[in-house]
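You will see two complexes here that share subunit A, one where it goes with subunit B and one where it goes with subunit C.
Entry: the complex of A and B
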């Protein structure tokens, strides 16, 4: 962890008016939860709102934008060279980026999830959702940071993962759920909130272990790739 | 009178600079070049092999779907996917394609501060916007219309009713155009607001993805009227609603008596996006 790198990364994320981009989605989530609670029963709207909007859209999209921006945009600009030439171990660089991505994603997602959960069914649900989204934010951030070192098109690959793998395949083919962060978050939320409003499909042990695996693998992969990173520019 | 003396002594040397007095290509030519370049860039033509991988994967997948449909039809089987269903089946792929290509077309110009260079040429702002938009929409349309043509060729030569197939194909082209215009204008507008490609792509995906569950929730909770109006809010469902209104075969979307409203929204949304794009490009910087 290097405070200077973390500080520069955070400033790059929030610089100009870019942070405004992160606001609309959480507001929509809270708005829909409020609309649902004023119109219908929690059984009807809880899963479409909290699962469909919150866990399946808000969390991965925020993590994708933030996770690929912390390292990917620096690689795009070529400014990553300035960090790489400093005598800082690669794992510290990746860790700093991961901490910032995780922190920003968690704040942007867990807080609205907490509020939406409270509006829907009280504190227990809100806290369970917030904690589960924090775990998901960590796994997603590690994955997307690794992607931004592995490929020049991290957003593209990330979108394919979120939309095709988690969105389309996981609904149709149950086998892919074991490798879907979205399913871990749903399972963890189900367990921690102790509610039947959100039902997970993978077991809690699998969810926990696989989240850790995603995080650890993403971190190690990014560190390893950054070790032999080619700074040659290409404009394809 | 030293000043006068200086004037008299100074000479302008003719070192051979010449004005260009050959034929000048028109503003239309410049706009056309911008369009052609944008269209080529969408498919990675004239770029490195890496840039070609992704667009051609998308084309390959959509063509594969079309090929399967064509084969099933040739075997005499029934498919759920007709010409007009193909755009909906491929809508996620088109969205990912646009989320990648739209920033490629406009965000790079912003990032590299190319706009002042463009606008100091005869290319006007309107030309620039329309050329880029045209390239994006045509690219999206080609990805859908090509595979539709593939199904048509396979069916028409397979001995099916030629005129009937042709009519269906034209209906399919119209649906493809609807998707291309709706998706293209919205994507380009979002992309033109971000100078980083990654941010632009994320923002485009976010807008489209969030609209689906929001509409689903409103449809689940609301009254009959809400169920019939809500799909308008999602770019994925709006074209299907318009299809239900015009052809009456939109499938899962019930538009009730609001069909004309879908038509109006379908016209207004792209129009407003183009208007906002033109407004946005009155300023060169972000």
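Entry: the complex of A and C
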């Protein structure tokens, strides 16, 4: 962890207009949760709102915007060279980026999840959702940071993972759920909130171990690729 | 003393060879890396700076390979061609952050010194995005120098600078070289290189075409055929008279006077006035027409 890198990363993140995209979704989530509970059918609204909007949309979209911005946009505009021309172990650079991405994503997602949970069914659900979102934020951030170094189009590849793999395949083919961060978050929320409003499909052990695996692999891949970071000559 | 050594370095992309078997050793002083656009200067610089793996051969900084070895950045500074900088930072923040990232004992003092060196202290509290190209370039040099590296690599540092900024940058590079640093800068403009450094490495189409003192290379080039454009009071009669001279290899008559291919620069320029005087022809204009860098390079490649 390097405070200077984290500071520059955070400044870069909040300085970009892309960051403003983060604000409408939490408001929609809280608004829908409030609407659902005021209509008086929490069991009908809980899963589509908290699961569909909160876990399946707000969390991955926020993590994608933030996760690809912390490193991907620096690679895009070439400013990453300023950080790479320093005698800093590459894992520290990745760790600093991960901490910022995880922190910003967690705050942007966990707080509205907490409120939406409280509005729907009380504190227990709110805290469970917030904690599960934090775990998901870490795994997603590591994944999207790794994608930023592995591919030139991290946003596209990230979107494909979230939309196609998690969104479509995981609902149709049960086997793919083992590799779906969304499913881990649902299972963890189900367990921690101790509620029947949200039902997980993977076991809590799988959810925990796989979240750790995603985080560790993403971190290691990103570090290794950053070590071999090449700048292509513009004239060659 | 810091030296940068390249041993049999090649780099290819698929079937395209960008750098072809280059061996060179860079020591203290300023060296110009000269070559036409697309010759592979940037590719070579990136390999020197550890941002590209050589396909074959090795680049070492004081015996340490530069590839996958971030520790070299304690002794190396890079100013890349791509004008990338965090525009939201002020000049001071940018250089100070570099000093802190290097883990220097006194980052504030180092940043102050570096900014003074490039004379950017006055506008150090403005954001980089408000700087002119030259100011940004100088700030980037300050950031690359903040840890007092033995080797400084600059890719096209004069691009986009006005003449005054250019002069200032040239003086700065000169001073850095005199201090005993190894300074390498790339350029495709002969005059820039000529003014800053005596030592050049000339890259043409990925190969090292010439290496050493600039004046020596220039002198060696006088053996190539020289092309002159001449306008006179009677071009046709002058053409006939010139063909009789041993120093002339060929003459062609065009709409805009004569084009003469001379075998030897010195002999021809001495003979032309004599011939013209004997024929009673007035020479209105004599211009060497192949002094462009491209023709110098093509000569170097052919040699």
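Going forward, the second predicted complex is superposed on the first by the 228 of 236 C-alpha atoms of A that agree within 3 Å, B and C clash if a C-alpha of one lies under 4 Å from a C-alpha of the other, contacts with A are read in each partner's own complex, and residues count from 1 in each chain.
Following the convention adopted for this analysis, a contact is a pair of C-beta atoms (placed from the backbone, for glycine too) under 8 Å apart; a residue touches a chain by one contact, two chains touch by 3 or more.
Remember, it's a predicted structure, so these values are computed and weren't measured experimentally.
Trainee: Record, for the superposition on subunit A, whether partners subunit B and subunit C clash or fit.
Mentor: Pair status: fit.
Trainee: Thinking of the overlay built on chain A, is A:53 touched by subunit B (first), by subunit C (second), by both, or by neither?
Mentor: Only subunit B is touched by A:53; subunit C is not.
Trainee: For A:213, decide between first (touching subunit B), second (touching subunit C), both and neither.
Mentor: neither
Trainee: Identify the partner contact of A:229: answer first if only subunit B is touched, second if only subunit C is, both if each is, neither if none is.
Mentor: The answer is second: A:229 touches subunit C but not subunit B.
Trainee: Quick one: is A:90 in contact with subunit B, with subunit C, with both, or with neither? Answer first, second, both or neither.
Mentor: After superposition on chain A, A:90 lies in contact with subunit C alone.
Trainee: Between subunit B (first) and subunit C (second), which does A:79 come into contact with in this model arrangement: first, second, both, or neither?
Mentor: second
Trainee: Quick one: is A:27 in contact with subunit B, with subunit C, with both, or with neither? Answer first, second, both or neither.
Mentor: Neither subunit B nor subunit C is touched by A:27.
Trainee: What angle, in steps of 10 degrees, lies at subunit A between subunit B and subunit C when each chain is taken as its C-alpha centre?
Mentor: Computed from the C-alpha centres, it is 70 degrees.
Trainee: Going by the contact rule set out at the top, does A:156 touch subunit B (first), subunit C (second), both, or neither?
Mentor: first
Trainee: Have a look and say if subunit B or subunit C is in touch with more residues of subunit A.
Mentor: For subunit A, the partner with the higher number of touched residues is B.
Trainee: Applying the touch criterion given at the start, work out whether A:1 contacts subunit B, subunit C, both or neither, answering first, second, both or neither.
Mentor: After superposition on chain A, A:1 lies in contact with neither partner.
Trainee: In the superposed model, how near does subunit B get to subunit C, counting Cα atoms only, in Å?
Mentor: Superposed on chain A, the two chains' closest C-alpha atoms are separated by 12 Å.
Trainee: Hey, what residues of subunit A end up touching subunit B and subunit C alike?
Mentor: 234, 236
Trainee: In their complex, what parts of subunit A are in touch with subunit B?
Mentor: The touching residues are 16, 18, 21, 25, 28, 32, 35-36, 39-40, 44-45, 48-49, 52-53, 56-58, 61, 64-65, 68-69, 72-73, 76, 152-156, 159-160, 162-164, 167-168, 234, 236.
Trainee: Quick check on the complex: what are the subunit A residues that touch subunit C?
Mentor: Listed in rising order, the residues are 2, 4-5, 7-8, 11-12, 15, 77-79, 81-90, 227-236.
Trainee: Please name which positions on subunit B make contact with subunit A in the complex.
Mentor: So the residues of subunit B touching subunit A come out as 47-48, 50-51, 54, 92, 95-96, 99-100, 194, 196-199, 201-203, 205-206, 209-210, 212-214, 216-218, 220-222, 286.
Trainee: Can you list the residues on subunit C that touch subunit A in the complex?
Mentor: Residues 13, 16, 18, 37-43, 46, 49, 51-53, 67-68, 70-74, 76-78, 80-82, 84-86, 88-89, 97-98, 100-103, 143-144 of subunit C touch subunit A in their complex.
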